[in-house]
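Chain nomenclature is as follows: A, B, C and D, assigned in order of appearance, with residue numbering initiated at 1 for each chain independently.
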Amino acid sequence: MVAHQVAVQIGLRRRLYQEMEPSARAQQGLSRANTFIVLLVLLSFALFALETEPTIQGPARQWLSILNLIVLIVFAVEYVVRFWIAGEDPRYRGAAGRVRYFLSPFVLTDLAAFLPELLWLLFQPAGDDSMLMFLRVLRLARLAKIARFVPAFKVLGVALMRAGSQLLTALAMALALVFVAAVLLYFIEGVGEGREEFASIPRSVWWAVSTLTTVGYGDVYPVTVGGRIAAGIVAIAGIGVVALPAGIFASAFADELREREQTKRKQKTAVQPSSD
Amino acid sequence: MVAHQVAVQIGLRRRLYQEMEPSARAQQGLSRANTFIVLLVLLSFALFALETEPTIQGPARQWLSILNLIVLIVFAVEYVVRFWIAGEDPRYRGAAGRVRYFLSPFVLTDLAAFLPELLWLLFQPAGDDSMLMFLRVLRLARLAKIARFVPAFKVLGVALMRAGSQLLTALAMALALVFVAAVLLYFIEGVGEGREEFASIPRSVWWAVSTLTTVGYGDVYPVTVGGRIAAGIVAIAGIGVVALPAGIFASAFADELREREQTKRKQKTAVQPSSD
Amino acid sequence: MVAHQVAVQIGLRRRLYQEMEPSARAQQGLSRANTFIVLLVLLSFALFALETEPTIQGPARQWLSILNLIVLIVFAVEYVVRFWIAGEDPRYRGAAGRVRYFLSPFVLTDLAAFLPELLWLLFQPAGDDSMLMFLRVLRLARLAKIARFVPAFKVLGVALMRAGSQLLTALAMALALVFVAAVLLYFIEGVGEGREEFASIPRSVWWAVSTLTTVGYGDVYPVTVGGRIAAGIVAIAGIGVVALPAGIFASAFADELREREQTKRKQKTAVQPSSD
Amino acid sequence: MVAHQVAVQIGLRRRLYQEMEPSARAQQGLSRANTFIVLLVLLSFALFALETEPTIQGPARQWLSILNLIVLIVFAVEYVVRFWIAGEDPRYRGAAGRVRYFLSPFVLTDLAAFLPELLWLLFQPAGDDSMLMFLRVLRLARLAKIARFVPAFKVLGVALMRAGSQLLTALAMALALVFVAAVLLYFIEGVGEGREEFASIPRSVWWAVSTLTTVGYGDVYPVTVGGRIAAGIVAIAGIGVVALPAGIFASAFADELREREQTKRKQKTAVQPSSD
């Protein structure tokens, strides 16, 4: 009877493994369990955002706390289940395998994403709120959960590699331009006119970044004739150069996505050669 | 004599149908009646805009009301005429066909675009102006009229489909970046420095959106050294990523337009093979 | 002797015509006389800008007036010379030809670019300065001089034609988006919150243009939660769409320029087949 | 023994030459000595920026001065070493060769990047700080050191040449648009409404640059109905045109980088034809 129980358990473990481990899944797309996890991560980010809003008080705040606790518990359960089903993977079998699983980056990140905060909430240690605040930053580790299940996030890394040295060169060029523009305005507006906002090169760099990315908050801008001429030349000459690194990355990302879709479509065509 | 009258009516209906139904038209381009409707929609939007302007008072406002009433009546007449001529379409013949026509989305939208407001103006029911305001929002339904007659607006949907999963992935990436940037600045400027504008993550998200789209209103910006360094890195690294979804859609839209023009040009060449 | 004088005059006229009429010139590039005219137009624009600056007073202003008078006289001389040498062109021979020349658009523009202002300065009629101001706007007609001599400006029109219906469609889409965004924010911020900056749709349109072009002056921005959410969605979804018309024109312009250069290079290669 | 010493010296000179002269290096990439120089230049720019920050006082400032002095001395040593090893290059042998080396642009720039400031610090001449400030601007000459060792910076010049006349044409177009927009707003807002920010064309040009580059600081913007309509049209029509020169340069730069990488990859494949 014990053997039968173990067999049932093993069967359950296999089914759970196929449900929760994307690489073990036969069909395309996200399994229902993982879709739920992804949605829960998105919900937990929404909770994270709302919890920091000081104008939300009273019962609404209590609901946020309760929902947050539920999310933490679900992530704890998910962690335990994943730890259990990891035995299906030959790499993680046995005690040594389990230790190896425990120490793998994704699993440690998973742990950091719920354990410290859960322990704090359960034991309420003496300590100020800034500690709890820090624990909440760890919630960003939940992005790793999405990165694991949603293939789009994997493309991010590939696109960075693909853009490679082009990206680095463009970035170096952009930074050099930002620095030269900042030095220019520092001398014209800061040294020449004694303006507070350009009183040092680091402050001028803030102006240069805000201008060359075309954000232009309006907290710092040149007011003298010379400064405006220099700023105008810098702006017309430079906006494309500073947008270049982000543009190179963006086009590498779009190219990678397009190629993946084409490969997928070809594979489909290869599987059904008689259709269409 | 009755039969003759019916025959005249049927002849009129057919001619009107060919004039007002784009799919039944032999020539290319918009018919005169539909051009008039499109221009009337544009005029009605201008009226809509001007009516909301509180500084327009006195006779100018009365003229706006009169013009608006005329537009409503023309749309009512157009609706009745289209309802009548719909009998030319085999799908909408007979009582059941008329009900089917009445319930089709475009026709319901057409009704919503003039009937509620016209009824309000004719019967002047007791009720505050905010109700009338709401009825005016329904005027945006008139965009559907343009979408039906101007092919360019149909391309919009095709371009969205075409960009498809690429668009979704880029959008997810952009939103993730906005969120991470907001959390970063929330901790540096909000928690660290107690600044009101970054006092919660939702408020920081407003900063992140305004910065990463490079709009940069200047209502929220970092003032501390750490915040400015973080904001600078986020701006240089991120502006391309947040512009990516709109860029992917824009290029899909432009590609779709180009291909349609080429197809059209080829068809013309095929029709007149001897000319050059 | 009279015959001889006429012959000399005719020879001078021919040489001047070949110097000043780009289409009659054998070599490539701008002739010295036309280069001088183009530089003079640029100088006259600089004078135009500086003359409007109220902080420039005293002798500097007098120098500006003198330089401006010289420029006007040179343009007058240029006009007379061009009128004289137009006789080299068969189309403009004889009295009727001269009238036809006088009434051609470029020539009328040339006249408007100096005559009204010169007459004003010479006769100093009674009248306020705003009249003189208006006469100065006519100086922008001098751009036509550049457009005639610098081929790059001709590309402008070709690029507009080339982008054609694509440009129009993208423009319509951009304007529709601006309008819908404005209506949205008008209802959320203006009607819902009674904010002055969104108190009517035309005012909201100003916000929508300033946001969707990513200029973001910071004179108008949403402050309510709903308004910021709507503005954020509009900004992320829309910045690419509103940048589309300018982007389509810019790429058509760049394509046209590239093709012209390639054509020029091919022609050179065809002329010197043995070299390289 | 003297001959032996000379031989050792010559051997050292050769090895130093191969280490410090990129063109004499067998392996790809930057040598350790030049990597150190590049990092030192970056450090010296960081020092430059921090030295101008008035809030850095006391011991931190003294550390900056000491680090700066060390950097100057290292650059002096580097200069002397490079002068010595230049004898390895046949072009710079002998007294005449050394003079030629001394007068070559890169070497003069290298001298300007440390000598004036070092002399000032060593002899502390009577004179105000603005003189020292000017000497510090010469530090930007150190960018030339990076330009010499990092190939990416060489691509800059090639990309400018490549974009060539296209870049110039686009720039002329952008400047013309800026000028016309400025004149337009000057007449509508400045002359028509007496607004200080548009009171002259040069001031309007500042608005036009800030708007058409989409920086939009918010220090200058139209407030009248006419001005806003004109500004809106200018913004929608013009943002792509003013971004064009920077975009043309950016794409020429990216193309040049891509081609260089492909060439490098082909060369590698050609060297190892049997691999892969």
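Basically, a contact is a pair of C-beta atoms (placed from the backbone, for glycine too) under 8 Å apart; a residue touches a chain by one contact, two chains touch by 3 or more.
Here the structure is a predicted model, which means the values were calculated and not measured.
Colleague: Determine, among B-D, A-C or A-B, the equivalent of interface A-D; equivalence here requires over half of the contact pairs to be the same by residue number.
Modeller: Comparing each option in B-D, A-C or A-B with A-D, the repeat is A-B.
Colleague: For chain A superposed on chain B via Cα atoms, how large is the rotation, as a multiple of 5°?
Modeller: 90
Colleague: Check the residue numbers that chain B and chain C use where they touch, and answer same if over half are used by both copies, otherwise different.
Modeller: Copies use mostly different positions to touch.
Colleague: Measuring centre to centre with CA averages, how many angstrom lie between chain C and chain D?
Modeller: Chain C and chain D have C-alpha centres separated by 34 Å.
Colleague: Per the centroid of Cα atoms for each chain, what is the distance between chain B and chain D, given in Å?
Modeller: 47
Colleague: Can you list the chain A residues in contact with two or more other chains?
Modeller: 202, 205, 214-218, 243, 247-248
Colleague: Within the complex, which stretch of chain A touches chain D?
Modeller: Result: residues 165-166, 169-170, 172-173, 176, 179-180, 182-183, 186-187, 190-191, 199-203, 205, 211, 214-218, 221, 223, 225, 228, 231-232, 235-241, 243-244, 247-248 of chain A touch chain D.
Colleague: Which chain A residues qualify as touching chain C in the complex?
Modeller: Within the complex, chain A touches chain C at residues 214, 216-218.
Colleague: Which positions of chain D touch chain A when the two form their complex?
Modeller: Where chain D meets chain A, its residues are 45, 48-50, 52-55, 130, 133, 137, 140, 143, 146, 150, 152-153, 155-156, 171, 174-175, 178, 202, 205-206, 209-210, 213-219, 242-243, 245-250, 253-254, 257-258, 261.
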